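Each of the next two complexes has chain A plus one other chain: chain B in the first, chain C in the second.
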Partner chain A sequence: MAGNADALRSVIADAASGVALALRGGGGPDAVSGILHPDNPFAPAAVRVLGADVLAPYALGHPPPTAEAGDAQSVRMALAAYPPGADASEVSVWSYGGLAEAARRFLPADGALPPVPDADMAWTGTDPWQRLAHRVSQLAALAVPGLADGLAANLAPRVDDLSRGFVRAVRRRDWLQAAGVGRWLARLPDVPETLGLDTGLVFVGRLGAADPRVDLHVAAAQRFFGRGR
Partner chain B sequence: MTAGAPEDSDGADLVDRVADGALGWLDARRDRFRLPADIAEPGVDVDRTLKPLGELAELAGLIASVHPRPELRARAEGLFAFAWAQTVDGGVFAELLRAEPHATYPVEIYGVFARAGLRHPDTDALVDALTRPLSWRVPRSDPTRSLGVLNAEDRTRGGASEAWQDDFAADYARTWLGLLPEPWALDRRAAYGLTHDVFHVTDWGRHRDRLPAEAAGYLRLWLPTWLDCWLDERSWDLAGELLAVAACVDVLDAAGSVDIAAAWRRLAAAQDADGGLPETGAEPRPADPAADFLACYHSTLVAAFAATLARTAPVPALVATEAAR
Partner chain C sequence: MGIQHTKTDSAALAIEVESLVDSPEPDGIYHDTRECAGALLALGLLLIAPPTPRPKKPSRS
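The block that comes next holds the complex of A and B.
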């Protein structure tokens, strides 16, 4: 079991590195396609963990993958294998929804893709700032232009609270949370200037560099929203 | 309405219980603030003698002049008068200044009493002579410390001149509060500097309107996250100082609900039944009374101070949170 967990972690890390590289212009989405090839038994689970981010490079305008491409197949398999159950958490429903939305946008429309589930949004208004920032960081993959626009609209009024969450995460040296919240803040309007989001993203990216997912979030903030340079 | 405190009567009761318990704890241990007879001799550790007494005087003096409840004011007045008596009505400062004519701390602590109109002629004459040379300004390399020294000058010599105000503004501009840096970069040391920037600028919460609008907006925005961090670490002393700062700016979140009320409840829960509040919750309070005093006196004093500021009327909201965005 431990071996499986390590293998999954390693696939996730490789795919995250590949996406970050693609976002920085150092290779097309194909690199990710190779890592997430369906021959790899951990590919669908890795896709479910990384969510919409496995398709993020296509948001840069690359031509869509063919239906046979490795990542396209793995995304379909992940969507089929991990539909959120009735008792799934809001975060789980949202991240699945992000993957489903990205699949509909970036994959060829020839196969049957599952619908984007209705996800509860009440928490964006009611969560205390600490909890809000934590959940939003878990949904960092949805901070892509044009994706989850409704969520972005609902988070905009909480920009001060998310900024507080960024501060809290950095002070706790929780780089993954800081990078995830920071990526969302990069997308949102009216981030307090005194937060220092740009220097903060650079800081988090450097100190959290050991985790490729931190690097991926910082790369997304830079490439999609021009922050953290 | 109270400033930065729980806003119902239960909330006022809560902060008053904190202040009452803390003052009771300090009063019961006032002998531990006594100065040794050889205070001006070389080798006496002023950090364990004069510094605690000076802090007692500064904060008890504030509580005595602004707390809304007369019995708490009376208790604080008693502690303030005790502190003045310990300095032999200010004569100790003349001794200290003769022994260490270039030290700033005797003038800073004398300034606490001078502010309240308590003077000693010999000390006054020495302060006047010793604070004139340019060298007096040299040790002020840390801008936050500089603000404290400048305030001591103002308190003892009075009549802040234009040059004094320029100096104060220049030093303020180099402090954390003057620069408003990234809030995620605030470490413990910087946080203590920041709280003292606020205390010096507002004269320990007496003149909250002296806080520039940008600084007040910055504090409103980021205090909730700093409080959360240091309460989680059970750093009661620093959390108490941050609550005192919160009272100076009347922190409200976007929804208008007060995050600060929860912080007050956490601090109150950390206060022991005897009124003492340890600096940190990292380990149990020492069994030895002298060690326990050292582990608790500052945070207990700060709790009484913050609880007092939280119960005094805020200045009308100067700015919206937008001011320092």
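The block that comes next holds the complex of A and C.
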């Protein structure tokens, strides 16, 4: 089983590298299927973990893939294979909802896509800032223009708390959390100038370069929101 | 047997997916400046300390 976990992490890293490259203009938007064939037994699981990010390159204005394209197949398989269970965490429901929303927005409508589940949003107002930053970083894939607009609106009043969380994650050398929170801050308005978000994102991208998911979040902040350049 | 094995693998993969989607926060790594300074001082003292006296070899006669 440990072999499965290692193989899955490796597939996720490969797919994340492909998406980051596509966001920087390398190759086409079908980054995931260009690296992972839908027949790869780990492809649906990797797509579920990366969430909406697998379709993020299509937010750059590329034409949508056909229903038979590898990206569309992988996303449909992930949505069918890994729905959040009855006892799933809020993060899991939000992550699944983000993938479902991205699929509805970027894939051809063929009736085979599941609905976007209702996810609780009370935590955006009640979580202490440390917990909020961690949770928001886990949902970094939703920081794409036009996706999860309701979540973005609810997070906007907590920009100061997320800024504290960004600094805390950097000081803890938790590069994945720092990159995820930084990506959300790049999307939100009224981020304090004193935070130094642009240089902070560059710093996180360099120090966390060993993790392709860190690189992906920094690439998304740069390409979608023009921060961290 | 094969089907059972596949089901077990799928269940394990589903658990792994959940743990990656909602992973706990890793423990932070902090460096206490005073502790680091103390350790550096101790290392410096060790380096500049005179060598431990050794018993002299008996002179050959």
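Structure notes:
Going forward, the second predicted complex is superposed on the first by the 227 of 229 C-alpha atoms of A that agree within 3 Å, B and C clash if a C-alpha of one lies under 4 Å from a C-alpha of the other, contacts with A are read in each partner's own complex, and residues count from 1 in each chain.
Rule of thumb we're sticking to: a contact is a pair of C-beta atoms (placed from the backbone, for glycine too) under 8 Å apart; a residue touches a chain by one contact, two chains touch by 3 or more.
All figures in this text were calculated on a predicted structure; none of them were measured in a lab.
After superposition on chain A, the partners chain B and chain C are accommodated together without colliding. In the superposed model, A:W129 makes contact with chain B only, not with chain C. When the shared chain is aligned, chain B comes close enough to touch A:G196, but chain C does not.
Touch criterion met: A:A88 reaches chain C, while chain B stays clear of it. Once the two complexes are overlaid on the shared chain, A:R164 sits against chain B while remaining clear of chain C. If you stand at the C-alpha centre of chain A, chain B and chain C are 50 degrees apart, rounded to the nearest 10.
In the superposition on chain A, contact is made by A:R172 with both chain B and chain C. Of the two partner chains, neither chain B nor chain C is touched by A:R227. After superposing both complexes on chain A, the closest C-alpha pair between chain B and chain C lies 6 Å apart.
Judged by the document's definition of touching, chain A residues 171-172 lie at the interface with chain B and also at the interface with chain C.
In the complex of the two chains, the chain C residues touching chain A come out as 9, 12-14, 16-18, 20-23, 25-26, 28-30.
By the touch criterion given at the top, residues 180-186, 218, 221-222, 224-226, 228-229, 253-254, 321, 324-325 of chain B touch chain A in their complex. Interface of chain A with chain B (complex): residues 129-130, 157-158, 160-161, 163-168, 170-172, 178, 190, 192-196, 199-200, 203. Against chain C, in their complex, chain A makes its touches with residues 1, 4-5, 8-9, 12, 42, 45, 48-49, 51, 81-82, 88-89, 91-92, 95, 134, 138, 171-174, 177.
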